[in-house]
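Dropping the structures in below, format is structure tokens.
Next come two complexes built around chain A: one with chain B, the other with chain C.
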Partner chain A sequence: MTALEPAGAATALHYPIVDIRGLTKHFRVGRPRRDLVALDGVDLAVEAGQTTALVGESGSGKSTLARCLVGLLPVTAGEVLLDGIDLAGLGSVALSRTYRDIQMVFQDPHSSLNPRRSVYQAVTEPLRLHLGLDRAAQRARARELMSLVGLEDQHLERMPHELSGGQRQRVGIARAIAVGPKVVVLDEPTSSLDVSVRGQILDLLLGLQQRLGMTYLFISHDLQAVRRVADRVCVMYLGSIVEDGPADEVLDRPRHPYTRALMSAAPVAEYGVRRERLRLAGEIPSPVDLPAECRLAGRCPYVRDSCRTAVPPLVTVEGTHRSACPVPLPS
Partner chain B sequence: MTSTHAIEQEAPAATAAPSPILTVDGYSGGFGRGEDYRPVLHEVSFTVARGELTAVVGETGSGKSLTAMSILGIQPPAFVRTGGRMEFAGRDLLGCGDQEMRTVRGRRISMVFQDARAALNPVFPVGTQLADVAKRHHGMSRALAREAAVEALRSVRIPEPGRRARQYPHEFSGGMAQRVMIAMALLCEPELLILDEPTTGLDVTIQAEIMDLITELGRSRGLSTLLITHDLGVVAETAQHVVVMRQGRVVETGTTAGLFLTPTDSYTRTLLAASRLEAKS
Partner chain C sequence: MTTTVAQAPAPAAPPARARRRARFARFSGPLGVRIGLAIVAAYLLVAVLSWFWTPYDPLALAVGDPYGAPSAAHWLGTDRLGADVLSRLMAATRVNLVVMLFAVATGLAVGTALGTLAGYFGGVTDTVIMRILEVFQAFPTLLLAMLVVQAVGPGTVNLILIMAFVGMPPYLRLVRAEVMSRRSWQFAEAARMVGARPMRVAFGHLLPNSIGPVLAYIAVNAAWVSLLTAALGFLGLGLPPGTPEWGSMVARGQDAIMTGQWWVSFFPGLAIVGIAGACYLLGDGLADFLDPRRSS
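Our next item is the complex of A and B:
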């Protein structure tokens, strides 16, 4: 039943705990039905124990990827391997056991927590469903989780509306780590929070990762937050990865025009910083009936005829830094 | 309807500088009555200089939006004002009645809100909504108003303004819808433009373009602008003056350079530090 991949690489220091291969997701939309390509053959290896950040703007497919990964959306094609095991080949029992290893923290802790359930109920639900713990063990684990995420025992009795945004997100994190997952998918975990709370939540996530050795897939459009937590950065545009590599390389020496545009548009809270802006023409096109050309061709100031003939593949820039733009850009 | 006349009151601190277009002085209030009264704004004071962009920065619950809404008299009905003064171009805003306020609101002070698509009426084409504003505020004929609407879309650099004017709000992206709102606000040729979190929820590249547009329009039209935001990055790039609010109080005001380079209040410093995260080591 389980298609086990040879896990030879697992002995090495770095190995991909999540290996996404050719992941494709289409949505059927409109009348007559047409294919909206949300993910277009994405290959992504998430290294164990590290934080891989997925950045991109609305419509880039980063949230769709997260949802396919945790099983919230069925995939159209491609495979997702978790610790070498192909999730598509698993039956429902084995699958639910596997999903214990991969948990998700959502963007808005206000709408992702049931308003009628106390914090205790929220954090013990996965314990009951996945681990089948008895009441006493649930109680003990709930207290342990509260201290892990920096809350007090008394918060267990509160309802979500009695908590601040930051506290609610701590509950969301407690719920995600309750069953001891190997991988946590963080979908914009700080974007609905105030800046002063953002730093605290990011520090909490970093601390938990150090203590518990979890792997993070961190989805965000907040480049500041990405810089704070990421080891690796993948930049997505219209359903494809256009650049990936070590965080400092991608953020400080971006190669792809889209990454450059994104970096140069992010405002910096410093006085008198003049940024060299790379402007893209127009807006992100509709992902329906995409032509076989570079996804950025219609907007890119460096576009050449060769960009129009095929979708350029990711090619190595240096080490593990890859970019899907063959055009040499001015540095 | 009187135009500007000299300010009789003692102008706070500013001696030689031209009179500010907007003065908020000791504005206080809260929600609830009697024993349930809960104060939320505590003596909020600041000014907006003519032809410049002043930013009010603060986090959730700082009272920045409530203050902005109060300027136009559109604060929630449950809000009880307990004191203070707001003066716009020499006119007492809090003292004037509904009738008088209506001549100020929209025409002399315009406001742009966060969620542009929610602010537009989904059942009318965008051009019709713009033309309605032109008709109402300038008493234009239908044909002229139509032209003014297209021209307004052009002025905020929306491509193909003639075609876009016939489209409905759902056919606009968030960034384009926000341009429409700015076009609508500017159609009345206001003296003061209030922007309440105009780019929150928009992607960074779109945010950058909207802020560029605001800066450029401000400069070319000599607009006085009040920007309400939580984003110090946006402030650093666009504002000349900054007001920092926290829990209903103004904790620091100053020039953008002064605030970023030599912040005096501890909360301002906390906010600045929180906006500049360090890279993972």
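Our next item is the complex of A and C:
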């Protein structure tokens, strides 16, 4: 462990460095105005020093959660505690200060870098604005960052369009870790990359976590990537968490029908393996005017009458593994 | 890289400088742009020259006979009051170019700033700015300019401000649309996270990426300001009576055209056409130069 690591005792305790409580986000859409429920009372604890993965299909609210978490979107209700401080209530100056502790790697490395700024400008801007380093210190730190993310000094002078997708994402990672954050939100960091590069970026992220002791919130719909990096997995569906637990348990013994469907939809890289597909009927429903029933009730093959009377809460299955389905499923 | 891949000899100039040079070559390339540049350069030369030297005093009357035809003494003839047309034309070039340059610069600065604010912050800021803009845009431009000129009185500074004011809306709208379309791009959010305050995101990150179409519009605006200034001058508005100005010079000669003294109106008219044409030629080149889709 390096000197950059926060107090060792705290790490050992696995305290939740990010604690999201009852996070709700509504968007006002259409005419007449109606509420689109993007996040519906999400509770999520991210353990310090671990990687928590957030999975779910498009439109399940993963990216909205990430943006609310880092204050890029105002929340409708709920708390986002980073080390006990509620980010949701902060003004822009105080919020800006918290970006020394929480940073984000964006999904699309093509649009997350300013096309008119060189790599050097991109990675030193946070050093200047957050830390107020002088020029010499910026230059030294920029070189250090380049070697950390596996680029060379010469890349500092490049413009974004002169880099490959993988190199750009490395620059995005360098920019995020420049100020030494405790928490890094990775918003689908590999999904827009070439398949051959994804593994390298994942290795890089894992290596950086070990060296710098950072906490990751890893958002993805790539289950292979999740299996590789995650300590815990949270499954989202229509703005709610439906299952949450240690990665191997959730991935290998999923309890919620939605998680099972998601797992069984993932391709298997072995020839001739026959899989049981759990197929959900229909499409993900509209998140506008949701009825007070299980979000999956209309699509679930195991649906019962009790599923239609209330939204089932997350209940503990065993240990820290929780699922929002009260129906005992065939294993 | 340590691998020895066969490569062309290392480029002599750093990439940034080479890129800039290549762009300039492309910009100054097409014939139309070269002509436009040459004309504008000639106008600037005449304007600067008129500061130090004109054949006669441009404000003096009766330096020759009334309606004297072009001759060795008066190359472009004299007007109704016996003033030297060439001297007045040179002085007018200076006046018109000053109005044009400062009006364009002011309109560009104000329109760009307000457009960036409206586009980035949206909401109430956007609504207030756009509604006020629409009120003024509801008037026909020439009419609005005439009204304001009458209200504030003649004078170079007033004229510049009015031209900037009526020419500003397109800048504002262009910048607003460009900034708005890039507001939710990830590099704007990333800029927030690296510690940039909203103003810095708007003006430091979004504006430089949104300025291309605006710069291309400058030439159109410059041509338009020249024409409008001349139109007001023709109507006797904008500058104090007697100030050498292309439009008022055309007006001074309009009675004489029918009776054969064409030179009084013709040369200032040619000057107006020349600067407007040159601006349009340059504008076309600028659009090519600044639009990455139109270059290879």
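Throughout what follows, the second predicted complex is superposed on the first by the 313 of 331 C-alpha atoms of A that agree within 3 Å, B and C clash if a C-alpha of one lies under 4 Å from a C-alpha of the other, contacts with A are read in each partner's own complex, and residues count from 1 in each chain.
Going forward, a residue touches a chain if its C-beta (ideal position, glycine included) is under 8 Å from a C-beta of that chain, and two chains touch if they have at least 3 such contacts.
This one's a predicted model, so the numbers in the text were calculated from it and none came from an experiment.
S.K.: Clash or fit: what happens to chain B and chain C when chain A is overlaid?
M.R.: Once both complexes are aligned on chain A, chain B and chain C fit side by side.
S.K.: Looking at A:165, would you say it contacts chain B, chain C, both, or neither? Reply first, second, both or neither.
M.R.: Touch status of A:165: first partner only.
S.K.: State whether A:77 touches chain B only (first), chain C only (second), both chains, or neither.
M.R.: The answer is neither, since A:77 touches no partner chain.
S.K.: Tell me which partner A:277 touches in the superposition: chain B (first), chain C (second), both or neither.
M.R.: First partner only, chain B.
S.K.: Between chain B (first) and chain C (second), which, if any, makes contact with A:310: first, second, both or neither?
M.R.: In the superposition, A:310 touches no partner, neither chain B nor chain C.
S.K.: Once the structures are superposed on A, label A:92 by its partner contacts, choosing first (chain B), second (chain C), both or neither.
M.R.: second
S.K.: For the combined overlay, can you note the least CA distance between chain B and chain C, rounded to whole Å?
M.R.: 12
S.K.: Pick out the shared contact residues on chain A: the ones touching chain B in one complex and chain C in the other.
M.R.: none
S.K.: Applying the document's contact rule, which stretches of chain B touch chain A when the two form their complex?
M.R.: Those residues of chain B that touch chain A are 59-60, 159, 173-176, 203-209, 211, 230-237, 256-257, 259-261, 270-280.
S.K.: What residues of chain A sit close enough to touch chain B in their complex?
M.R.: Listed in rising order, the residues are 51, 57-58, 165, 194-196, 198-199, 202, 206, 221, 223-225, 227-231, 247-248, 261-262, 265-273, 277, 279-280, 282-283.
S.K.: Residues of chain A touching chain C in their complex?
M.R.: It is residues 67, 70, 72, 92-93, 96, 99, 103-104, 106-108, 111-117, 125-126, 129-130, 152, 157-159, 162, 172, 175-176, 178-179 of chain A that touch chain C.
S.K.: Under the touch definition given earlier, write down the residues of chain C that touch chain A in their complex.
M.R.: Residues 1, 14-15, 185-187, 189-198, 205, 208-209 of chain C touch chain A in their complex.
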